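These notes open a run of structures that come right after.
Both of the next two complexes hold chain A, though its partner changes from chain B to chain C.
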Partner chain A sequence: MNSNFFGIMDISGSGLTAERFRMDIIADNIANAETTRTPEGGPYKRKVPIFAERVENSIANYLSEAKAAGVRVIGIHEDNSPPRLVYDPTNPDADANGYVKMPNVNVVREMVDMISAQRAYEANISVISSARSMVRSALDIGRA
Partner chain B sequence: MKGLFGTDVNLLSKAMDVSLLRQQVYAHNIANVDTPHYKRKFVSFEEDLRQALEGEDLPMKCTNSRHIRGTYTSINDIKPRIVTEDETTLRNDGNNVDIDYEMVQAEKNSLRYQAMSTFLSRTFGRYGIVVRNIT
Partner chain C sequence: MGIDKVGNTGLGGIGGLDNLNSNKKKMNVDFSKILSKAVEQVNELQHEASKMQEDFAAGKIDNVHEVLIAAEKADISLRLTTEIRNKIVEAYKEIMRMQI
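This part shows the complex of A and B:
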């Protein structure tokens, strides 16, 4: 982790990317909350992004341990919890007993995750703006 | 340190470097607020610096590499260390980043940095006054 201003912005930028990606996934989950047909067959399955700390092994400047810089998304996990069963015999996707397998998406939970992603995004933004004011003040050194 | 600028400039620029590194670590913690099993990191520096500044002994002058060096450590030898706080857990996913704490610390650190840069700027300004008044 070299200490420079752009390093801070890169780190927070990676946070922005990750949170925006999480937001994309949440939007997908909410949009597909009632989807009973997918290319793989069966109802839509809730998706979850997997975040991991981004570790860079650059030349040690201050640290002797592995360098760390930001966050990254290492994959999308499919939630394999059982589908919600809704009794609706008129639905073309209903089984012999009249139950339809609906996606395992809980909209309330997605909304909560959405707010959390939104707040985390804002937190990263405010770190960038505080880094910006630090740059400004550093540039003002020596300016009478 | 001998030279045109005194210890204050040296010390301030060192402290600003550490402040910048610290801001980077806060940014890293905040970026990883939703990473499972992530443990927050922090910069440890001031305690080491204080020990160096209080310096139990005066530096011994060495003109040969085989001379005894004494226990004096120069400010330049003090390096900030990044420590991982892995004893605590804040949430079920093993993450221990308290976002409010990190935000407040980052903001405080940013203000401290600006205070130091203003002070450094004024210090250079005083040198400017001296330089301009030499006849």
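This part shows the complex of A and C:
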């Protein structure tokens, strides 16, 4: 089921899954933009998904050649850039000098990433719908 | 033979099972077998799609697109099979109408 129209749908489907996952991560980043406590200690760190090309390793493909079949998420990277320091002595997490370590999340940047993820999702949808209309027009050959 | 050819190339598209080389070997398979196999595959895809819809309704699947893609696959394969069947029946009728 690789080199047909269903293959296209599976590939784009993997893209949709990946973009949805990226959206999850962005939501997490925005939700935790002000989080100063984490299980590991210290402020929340911005997370970034790592995408990798998905290669199918079935026997059929092994005999011919490995086929690329979409994208997959292989991990989540933590942005280790330094935390934002905000002067707020009343905060319970403030240090001796009154500074609070805030997460290294820039909400504006997350919004830009969010739009990018949304557009990428839409692009994958467009591939699916044009594959579908290709099949439909191919089926119309029989009706001529 | 002409009928077999139509069946083979058309239905090969559903499962991607037959490529051009294996078509030659399969020339002798009768049409009813091919059709029932294709219907079986369509049925399987329909079942898969309805199972996914159930799972989605039950909250087991959180990716909406997976459900819709499965439904779309089922729809396309059903259309393809119907189209092929129509063609074959049309050809059959044409032959039956032949004056002897």
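As a convention for this text, the second predicted complex is superposed on the first by the 132 of 144 C-alpha atoms of A that agree within 3 Å, B and C clash if a C-alpha of one lies under 4 Å from a C-alpha of the other, contacts with A are read in each partner's own complex, and residues count from 1 in each chain.
Basically, a residue touches a chain if its C-beta (ideal position, glycine included) is under 8 Å from a C-beta of that chain, and two chains touch if they have at least 3 such contacts.
Since this is a predicted model, take the numbers as computed values, not measurements.
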item	value
Chain B versus chain C as contact partner of A:90, first or second or both or neither	neither
Partner chain in contact with A:6 - chain B first, chain C second, else both or neither	second
Chain B versus chain C as contact partner of A:51, first or second or both or neither	first
When both partners are placed on the shared chain, which of chain B and chain C touches more of chain A	B
Which superposed partner A:126 touches (first chain B, second chain C, both, neither)	first
First, second, both or neither for A:142, with chain B first and chain C second	both
First, second, both or neither for A:116, with chain B first and chain C second	first
Partner chain in contact with A:80 - chain B first, chain C second, else both or neither	neither
Intersection of chain A interface sets (partners chain B, chain C)	1, 3-5, 7, 142-143
In the complex with chain A, residue positions of chain B that touch it	16-17, 20-21, 23-28, 30-36, 38, 41, 79-82, 84, 99, 102-103, 106-107, 110, 113-114, 117-118, 120-121, 124-125, 128
In the complex, chain A residues that touch chain C	1-7, 9-10, 13, 16-17, 20, 125, 128, 132, 135-136, 139, 142-143
Chain B-facing residues of chain A, complex	1, 3-5, 7-8, 11-12, 14-15, 18-19, 22, 50-53, 62-63, 65, 68-71, 116-117, 119-120, 123-124, 126-127, 130-131, 133-134, 137-138, 140-144
Complex contacts: residues of chain C adjacent to chain A	13, 15-16, 63, 65-66, 69, 72-73, 76, 79-80, 83-84, 86-87
